[in-house]
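In the two complexes below, subunit A is the common chain; its partner is subunit B in one and subunit C in the other.
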Partner chain A sequence: MGFYAVQSLNALSFSMLLLLTGLGLSVVLNLMNFVNLTHGSFFLLGAYVGVYWLASGAPWWLAFPVAFVAAGLAGFLLERFPFRQFYARTHLMQVLLTYGLSVIFADLMRWGFGAQILSAEIPEALRGVVFIMDMPFPIYRLFIIGFGAALAFALWFVIDRTIWGAVVRACVTDRGFVETLGLDTRRIFTAVLVISAGLGGISGALGAGILSAYPGLDEEVLILALIVVVAGGLGTFRGTVLSALLLGFAMTFSKVWVPEFSNVVALAIMAALLVALPEGLVARKVRQV
Partner chain B sequence: MTERFPLSRRNFLATAGATALSGAIGAPALAQSANRPLKIGLVTSLSGPFTALGESMRAGMQMFLAENGGKLAGRAVELIVEDDQAKPDEGVRKFRKLLGQDNVDIVSGVISSAVALAVRDVVTEAKALTFISAGSANDLARKAASPFVFRPTKTNWMLGHTAGLWAYEKLGKTGCMTIGADYAAGREYIGDFVATYQQQGGKVGKQLWAPLGTTDFGPLLTTIAAEKPEFIYSFFAGSDAVRFLRQMREYRLSGKVKLIGGGALFDQEDVVSAVKEAALGGLNTCNQSPTAPSSATFTKAYQAARNVMPGEMGTAGYVTGQVIKAAVERVEGDLSNKEKVKEALLAKEVETVFGPMPFDPRNNQAILDIYVNEIKEGTGGIPVNQVIHTYKAVRDPGPVA
Partner chain C sequence: MSSIADGTGRVEARPASQRRSLLVTAKLALLALAAATPLLFAGDYQLRFLAEILIIGTAVLSLDLLVGFGGLVSLGHAVFFGGAAYAAAIAAQTLGADIVVMLAVGIATGMAAALLMGVVVMRTIALFFLILSLIVGQIVWEVVFHWREVTGGADGLRGFPVLTLHTGFATIPLNNGVALYLASVVLALAAYLAARSFFTAPIGRALLGTRERQLRMSALGYSIPRIRLMALVASGGIAGAAGALYPFVNQYVGPNAVHWTMSAMMIIMLVIGGVGSLYGAFIGSAIYLGIQTYVSSYTDRWQLVVGLVFVLTVMIMPKGVVAGLKAAFGRRKDAEGRS
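What follows is the complex of A and B.
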């Protein structure tokens, strides 16, 4: 009993980690129809910021907002120069641009932060464990579950239930129409990209406690994020949440029952899913520019 | 002495002749080869999953050459470093480039076992003098052994086997679990450990595997917590090792379950410096230790230069330099006759930072002292690999096995 309870918590915390990696990517992809492969770099930047902040002795909880701001700033600068010109281009062009940029960032970060593996000092308050029927479960992972759920809920609320969300969605559907209403769609897109980058950063800072930070993490994370977003269905936010949960549980329980094949199982599920539902778990008509 | 006399006489004649003739018709071949810079190619992983390891290996080699004033046996050394990205096909390309285009005298390096096995045929066909610094696949000492490929490092078997002996003797006859990275090296380490441990009479319980690059060990650690083993034998390297050890502590298993592993699991520079106190109490068998007597001066110098204690890869780069130096000096800088270089290296052991290193004439594989390290608090509270036992002159079973 305790064993399966803890394994379910393991699955939930891994799902949240997946969701956190996919969330920012999903936001720009869903709302702006922009494929941003530099997302892994935002994550890694956030992870480095988190590691250094937590080690510095400053109030630990500030590490996450600071990572959000740092990655958000990087996103802002990127939006100013190359991204803006690429919104109207095909996905292939966007992929080429952002992938190239991600390689440049990988080199820049290696130059700035070194090649060593850095692990984050988890704050004292979150270092403990809870025992569930004699089985230990780390408090930090509960924290990640809570944080991920709160972030996902907040995003859903803003996008689906507020006027701002409605405006952003309207921008994607008919940019010209929104312009005629007197709204500056450029600014709106800038804001969405900054938020997406910031989400990548904050996820990196949170994830660093489990994943550490090192050159190459950006790519690993990007692949996970892509799997989550693609399996969830391009253009839907709910789909991202659903697929993160599905993949998280599948990967965890395959590790419990057939550890040798855990990667195979996860990828097979994704493949089967895409064969059965080519649009992803939750499909929505996407405008292909 | 009787054997050495004609050698040195021949050398004497050649040098004398060269000096006499050089003014008139230019330097003859022999003298030319002695004056030409000695080109050493080093292929290591400067991008990809082993980036940090590759940087250390290069630093170790460069440090060694700097200490020798950039010269070996009187010849200036030119070091050409290439990146294999830890990919076999990329490694093959880089070795071909070094041998075909740069005309290097010696090739060395390689971290990944897969790359080491892939380049084996390239260097064998080219009859290139090769020193594999770290790729430790067992096969390279067995059916893939090659006449001019020297390996101044351990085989996976040497570490798995000694850990099996130690575990049976000191940790327990039962209650053993294993968990390892699910790829070639992990399979060899765990397999060799289990074989030796069982041969002694030990009983192995559940065996777990995790894919390379596993981000979340939570489910496996929960399984371990439920099984309640006495001790675990484990093999992970690099970021996998860091995450495994950190998460062991997160799940409160550090200290509760004794952990013994391959050297890479507790690599001083790469892993212990990242996980810090989460490594305390861990055991590993390794051909390298920053506290081994043979390593004393090197450890200090490395720490001064790089601000961390050396791990296996930094040391491997340095040791490769030491072995190359011994080879070049023993033939007085003349590498034209490779058979002679080989004989010279096999003739007697090389004193290295790893420890005394004789080469096995069957496969050119180093015979090494294997240290059992325990991670204890060192000066300044830094966890350090401390030698608690040494298995003397461990020799891979070699081609017959």
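What follows is the complex of A and C.
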């Protein structure tokens, strides 16, 4: 019983990372109709920033805002130069451009941070374990769950319940109309991309505590995030949350039950899901993006 | 009655069919000359390298059938290529490495894998297709990686029997650069012709139709999933034929051959060479593998160079290097007429 409670919490903390990364990806995909495969690079950049910041002795909690800012800055620069010209192009061209960029970033990061596995030093306050039904569970993972849930809720609130969110959603439906109202849609799109990149960075910094940081992590995370976003159904916040939970639990529990072929099982579940529901878990409503 | 016979030298007066057959002959002669040139100048190592370019180029060519003509961007194409490579390598241990048998095994594996993948991915399109083909590819990679007894796991397979060709009365070993190069030239040429005839046949036109006007095609009574499945299987067969020779040229096959990064690499090659141009596949793979081999001997940053070349190609010449250069130098104004 206690064992399964702890494994469920493990799965939940992993789902939170998937959710935050997936949300970053899906915000850009759903709101701007832009496939950004450099998202994994933002994650890895955030992870490296987190590792170095936590080891530097500066206030530990600043590591996460700093990772947000670093990845957000990278996103800002990228939006300025190549992304902007590609908003109107086909998904294929966007996939090609951003995949090429992610190859470049992967190599730049290997150059800058080295090829070895860097583990993050978990801060004093989050080290140690709590006992859940007599089973130890790391406090850091609880922190990820709480922090991730809060961040995801904030994002949902902003996009779904505030006037800013309404403006961004309006930009997708009819960009020209929003322009007519006197709003600068280019600025809005820049802001969305910066927030998305920042989300990638912050989840990287959070994930560094359990996944470490190493070359290739960007691709692994990107694939999982893409699966989460697509399997959830494009254009739905709820679907992304659901499929992040599903993939997180599938990956954790298949590791418990069939350790040898854990990824095969988890991936097969997602594939079966997509075959059964070709539109994803939650089919898109009328909103045509 | 031709203009050559009466000695006027008026080329324009020649009948079109004769002019075309002359053109084809000239092209074939040029191609044969181009294929034979490396035999004179290149050493064993370079010939093996050229063979690798041609083999991977053939796999990229098969991907072009999907991407260029069907609009189906697959991130699981390495499954056909790598799967066939493994199948050939494993079959060679018991059946011996006769090239005909190997090609048959490879083609069968590629087609079977494509059929299986088609069943899974055919219901979806666009991003969903991309992700599903990626997931299927990852599953296959996991299986190859963990099934140590058969695939050698992370170490891959080495030490194959020598590739041979039975000619009825003699058995020629194909284990030197020259033979492997010639075998891959034949493979590439056959694959090119197969792909071209597929593309010019009604099924190829229908495939183009599904890309351009999906709704109209289904209104005309075409079954879109069936057309796409046929394209996938044809493409899998060609990729499988290429994969069957790969272990023997490389003398190694590892799990990376089925990994999704291999699929992504093929897409990069395709885009650099030019999507939808067929021959561009070979140019793309030559550029990519050339950078990989020659730049990596100068600097560790070859991936950076490949990435930059790729991104610049996408940004400046989205139709590929050949079309881009043609446009840049303004030659061949009639190029638009010939797709």
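Just so we're on the same page, the second predicted complex is superposed on the first by the 284 of 289 C-alpha atoms of A that agree within 3 Å, B and C clash if a C-alpha of one lies under 4 Å from a C-alpha of the other, contacts with A are read in each partner's own complex, and residues count from 1 in each chain.
Criterion: a contact is a pair of C-beta atoms (placed from the backbone, for glycine too) under 8 Å apart; a residue touches a chain by one contact, two chains touch by 3 or more.
These numbers were taken from a predicted model, which means no experiment stands behind them.
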Message: Given the alignment on subunit A, is it a clash or a fit between subunit B and subunit C?
response: clash
Task: Once the structures are superposed on A, label A:253 by its partner contacts, choosing first (subunit B), second (subunit C), both or neither.
output: first
Field: Contacts of A:108 with subunit B and subunit C, given as first, second, both or neither
entry: second
- prompt: Does the superposition put A:99 against subunit B (first), subunit C (second), both, or neither?
  reply: second
Query: In the superposed arrangement, which partner chain does A:267 touch: subunit B (first), subunit C (second), both, or neither?
result: second
- request: Applying the touch criterion given at the start, work out whether A:138 contacts subunit B, subunit C, both or neither, answering first, second, both or neither.
  value: first
Message: Output check: A:197 vs subunit B and subunit C. Expected answer is one of first, second, both, neither. What do you get?
response: neither
- request: Applying the touch criterion given at the start, work out whether A:3 contacts subunit B, subunit C, both or neither, answering first, second, both or neither.
  value: first
- prompt: Now for A:116: first (subunit B), second (subunit C), both, or neither, which partner does it touch?
  reply: first
- prompt: Now that the structures are stacked on chain A, which of 22-30, 112-120, 274-282 or 328-336 shows subunit B clashing with subunit C?
  reply: 112-120
Field: Those residues of subunit A which subunit B touches in one complex and subunit C touches in the other
entry: 260, 263
Message: Quick check on the complex: what are the subunit C residues that touch subunit A?
response: 67, 71, 73, 120, 123-124, 126-128, 130-132, 134-136, 138-139, 142-143, 146, 260-261, 264, 267-268, 271, 300-301, 303-304, 306-308, 310-311, 314-315, 318
Field: Parts of subunit B lying in touch with subunit A, wherever the complex brings them together
entry: 47-49, 51-52, 55, 182, 208-211, 213, 215-216, 218-220, 222-223, 225-226, 238-239, 242-243, 246-247, 250-253, 270-271, 273-276
- request: Mind listing the subunit A positions that touch subunit B in their complex?
  value: 3, 6-7, 10-11, 13-14, 17, 110, 115-119, 122, 129, 135-138, 140-141, 210-212, 214-217, 220, 224, 251-253, 255-256, 259-260, 262-263
- request: Give every residue of subunit A touching subunit C within the complex, in rising order.
  value: 35, 82, 85, 91-93, 95-97, 99-101, 103-104, 106-108, 111, 219, 223, 226-227, 230-231, 234, 260-261, 263-264, 267-268, 270-271, 274-275, 278-280
